[in-house]
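Note that chain A is present in both complexes that follow, paired respectively with chain B and with chain C.
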Partner chain A sequence: MASVMKLFLAWRNYFVLGIAAILCGATPARAELVIDITRGFVEPLPVAVTDFFGESPDETKVGADIAGVIAANLERSGLFRPIDKGAFIQDPNTLRAGPRFGDWRLINAQALIGGSTQVQVDGRLRVEFRLWDVFAETQMTGLAYFTTPTNWRRVAHIISDAIYKRLTGEDGYFDTRIVYISETGPQNRRVKRLSIMDQDGANHRFLTDGGSLVLTPRFSPTTQEITYLSYISKTPRVYLFNLNTGQQEVLGDFPGMTFAPRFSPDGNKVIMSLARQGNTEVYTMDLRTRKVVRLTNHPAIDTSPSYSPDGQEIVFNSDRGGSQQLYVMSADGNNVRRITFNKGRYATPVWSPRGDLIAFTRMHQGEFFIGVMRPDGSGERMLTKGYLVEAPTWAPNGRVLSFYRQGRADKNGTVSSKLHTIDLTGFNEREIVTPVDGSDPAWSPLIP
Partner chain B sequence: MRDGAALSGLFHGVVIGVLVIGLPSSVDPPTQTVIPIEMILLEEEEPEPEPEPEQMAEEVAPEPEPPKQEAKAVPEPVAPEPEPEPEPVPPPEAKPEPEPEKLAKPPPPKPKRRPNIRVAMPDKNKKHEQPKPDQLTTILRNVEKLRDQPNRRREPMAKAQIRGAATLSASALEQNEMARAIQDQLRNCWRIDPGARGAEDIVVEIKVLLNQDGSVQRVDIVDVVRMVQDGFFRSAAENAKRAISRCSPFRLPLRKYDIWRQLTLRFDPRQMFGT
Partner chain C sequence: MRFKFLTIFAAALLLAACETPSEESAGTMTAATTATTSTTTAPTTMISGPTPGSQEDLVVNVGDRIFFDYDKSDLAPEARATAEALAAWMSSYPATTIGIEGHADERGTREYNLALGERRASSAHDYLVALGVAPNRLSTISYGKERPAVLGSNEESWAQNRRDVFVVN
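The block that comes next holds the complex of A and B.
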């Protein structure tokens, strides 16, 4: 009996020890250091954009042209820094078999873009591209497009958008156009024409002949239509211009002056100001039913309305509080509240397509500013300033703004007015090169 | 004489014509620019794709057919990985589990269970800072300083730092030292995009396993679901992951490998935003 007891005790001890050993093994004996990384740097991402490979000279040329447009787009965004091609170790031909990532790491490329072009038997151009993460050694995306060979530039923009989206998480804005007012002639007899170009300044065209003054063009967010103010027959009226058909029509025969038009986010309405009997109010017109609704009712001047992207709210400027400030109201005109309280005057508010910010022009102490703030008026920041900076318009992804900058008159009395873009961080201001002076830019949505 | 008169007549005619009709206009009539573009999705590494010029958005199966669906469904971390890195994957994956036991043995003199310690370092060690671009301090530019901008984000961060410091035990000083070394190295590798939507609020947590030479053995983003669902988060997470790869190998003392072998890095940009 005693021996049995001993055996039992011995087993019990082993059992306890075993349990203890298991427990020891299961507990996280290793410390895991948790570290907050709170500091980084802001710098464009180094990317390598190789010429797209082509077998024939024509394919090679179009491949190089496409790569050039992509590199220029990415560089202009300020978020990417294309690496000089002279530093590349691997050539476009061998890249088709896959990247030698070590070679690209050597030149500090963090993303790599390669592709090829090929004219098909039916005459169409096949363009394919691939984007690789050099450090992770993985393909991030790859797409191929078929199109007419003359359409290569458009494909380059579409590829740029795909790369931008994959690397930033946001939609791109390269396959877009900008409509603006081109200006020529002396200051007192300025000829203003409605003009349009790709966002990079290519494919520039004049849409009107300059016979009538045109102002404040705005793109429809859903169709290839523009609304703007024109002084045809010396009367300022809001017009619609269809880019596909070239048709132009006056937007209703109002008993007064209509101005500051802008589309609703669904493209079905135009919101604008109507000045009548010395009072200016905000109105909407339904483009399908032509029904007109007045939204504000105040003896002050209410103008420059702009919808929020969900169509639920409208920002506008008004001097109802004594000075010209920004106000937000519900889409039905109720619940009006002031959102700016700083010194100076605020004008031309534009709600960002991504909804998080409102851009505006501010005049204070003889200077003009282009600024942004949250829709509740907080977080106000001035992105740029100048003698005259005005008319901000958002790129369709809500990341970049375009506006125009006008300097003081030179000795000969000549004033130059140029279109610019700026990132919403306030960095990377660039001029958009146009054949003649420009003002009042309006960014299109992504081309369908 | 008659020639001269004819020439003069022609010239006058042209001038009158220009006056009446006007100069040739440079206005381009709008044209229909709807050019169809077909698009197909390319999977990784294809030798010769079979052209299928049928309709839009077709997938090209490059090498074998089967991966078609998988690659489309799972974006980046799962599908493409097996091909490029066949050798490094299996060993590291097998080891992390058993290794904790091995490491549990060496430091028995010290308390066996070390808690997870978060070390949020104050930036007092200015000597080590290699100032990067000036934009760091003014990540969102304001050409005019406005008085009414409260610096809301500073306070909570400061509290977190104090709390972290208060929990430091004697052995944690070493951890503190290692954490600072890693922070210092990563600050020169971590590129952020301050203009991205919600950039100031996206915190990315990554688990890292380091080799003894400081090179990265394994990097895992903790919130895998959000990686798939949220493009902005994915972009921020990839930036953080790239920072770790870029800093690899980390310069850390081998004798303290036990401390820095396994890390959780929280890439938190909030402190950099003054808004």
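The block that comes next holds the complex of A and C.
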């Protein structure tokens, strides 16, 4: 029997969420329903996601909405295939008394997800869900959440993560956001705005008005802050943007262009490049003391630094060998060694949050590739390619990447740039639908 | 013949592509010739040439940009000639200051191209300083691949977009 655990999470001061585990049946001794996602292509697991039961019309509607978001998340992961609701035999109401497993086996559902929604006397919404293994006829997990009714979508993402974790053994990534640059207008007068949305494209917001060119936003691993490049006052500098207050602040007072910022894994530093007098070097700035440290010292271009998740090493982009390649150094700037030796040029390295891989952009014979390799440069694999694919970013579970894909411009300068996601295996590439064009995605950590 | 055509084509592109308002450049050039050859024309129809020391003057009499090879930032002979003309022009207009914008084509990654644009702007800056231009009359900025001058995705547009642009402040 699972013990009841209670967790209270605060988010932007108004969102309070309670989690309580629902009593589960005894764990069976037989093999569990688990998806092995360590292999390449995985045949998506057929799942039945039923509308969550509600007594009132409002509860019924939010129950259906939650089920819809969960099914969409699972489907987009490429690991699950939600079955058409029209095929369901058992209805959400009778499901509350327990599944008639035979009915679900008939439509070949391997996993079954059901739940209920209930508005409490204090106005909060209670959302409960259960996940069953249809063929083993057991409940795999079950949880209840309390939240403000307007936050039903977030609960749907949290439930999706719980299901993903229970069925794959890995952390989910659905309760996350993506900050990126939205783009409109022709090639030579592209208007770029800092923008943010949930990982599924919902709750989209523009954060800047397009008056200044903005590029390369990155999420803080610990705070509701973004670091990015802005050309405010025609002076390209690294800025911090606070998502809670909307305030933006220039980082430091450097005698040249600062760019290519990223946070350190503990969130205490920003690592970035300073370009000055034709030379680009990597620096860190401590956000608490504002102390600046120079890490590279070479007449070549040294840029696009990214920390390993333990903060001990940094991968970066340099043309010190004659063309753009990837190098790894210790966090103090020592022990620099090149890790890319294949044909072509390499750029935009970003260390996986699991630490096991580095994603990059590779350019070779007129094509761009998104690929991954181990931190020592071995095991290189290309995931996708195109006229211009660039800027990989990792979902917090290190399993899915996002990047942008841009096409050729026509003679009028009309160009298309879209955000995509792709599985680490190179399968399941999907577009993230955004209101206008997008580039430079950066995935948030799981929302605390 | 083909080379000549390309040169003319490039010049046309160049004029069309100026970021500063210079749509009148071609017309003004002709008008300027007319004005100097017929000084007796009534003031109402007289059209003056580019204001000396202006951006327009720079575009017409020096050229406001130089071009680079792919992933390169060293100045080719043609670029050096333009820079030399610019240095001479700046000595004629000692009050002018120039912003040097470094640009890259779209066939690179964003951050590297920002660094490359900065390196290109610095190349011209350093050459101008070597030619005697006071450093405090020059500033540099990189736009990486963010502000192409020539539209399209082909070799011709990329070649025109790997550039420095000189802007009279």
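Quick notes on this one:
The criterion applied here is as follows: the second predicted complex is superposed on the first by the 403 of 448 C-alpha atoms of A that agree within 3 Å, B and C clash if a C-alpha of one lies under 4 Å from a C-alpha of the other, contacts with A are read in each partner's own complex, and residues count from 1 in each chain.
Assume a contact is a pair of C-beta atoms (placed from the backbone, for glycine too) under 8 Å apart; a residue touches a chain by one contact, two chains touch by 3 or more.
This one's a predicted model, so the numbers in the text were calculated from it and none came from an experiment.
After overlaying the two complexes on the shared chain, residue contacts for A:Asp122 are found with chain B alone; chain C is out of touch. Of the two partner chains, neither chain B nor chain C is touched by A:Lys418. By the touch criterion defined above, A:His298 lies against neither chain B nor chain C after alignment on the C-alpha atoms of chain A. In the superposition on chain A, contact is made by A:Lys234 with chain C only, not with chain B.
In the superposition on chain A, contact of A:Arg430 is made with neither chain B nor chain C.
When the shared chain is aligned, no partner comes close enough to touch A:Lys85: not chain B, not chain C. Using the contact criterion defined above for the overlaid structures, shared-chain residue A:Asn317 touches chain C, although it does not reach chain B. Touched residues of chain A, counted separately for chain B and chain C, are more numerous for B.
Touching of chain A by both chain B and chain C, each in its own complex, is seen for no residue at all.
Taken together, the chain B residues at the contact with chain A in this complex read 25-30, 32, 34-45, 47, 49, 51, 53, 60, 76, 80-81, 84-85, 99-101, 103-104, 112-121, 123, 132-133, 135-136, 139-144, 146, 148-149, 157, 160, 175, 178-179, 182-183, 186-188, 190-198, 230-236, 238, 240-243, 245-246, 258-272, 275. Residues of chain C that touch chain A in their complex: 17, 71, 73, 106-112, 114-116, 118-119, 122-123, 126, 141-143, 146-153.
By the touch rule above, chain A contacts chain C in their complex via residues 186-188, 190, 192, 213, 215-216, 229, 234-236, 256-257, 259-260, 273, 275-280, 301, 303-304, 317, 319, 323-324, 347-348, 361, 363, 366, 387-388, 390-391, 408-413, 415, 440. Of all residues in chain A, those touching chain B in their complex are 24-25, 27-43, 45, 79, 97-98, 110, 120, 122, 124, 126, 128, 130, 133, 135-140, 142-148, 151, 154-155, 158, 165, 167-170, 193, 205-209, 242-246, 341-342, 354, 356, 364, 369, 379-385, 398-399, 423-427.
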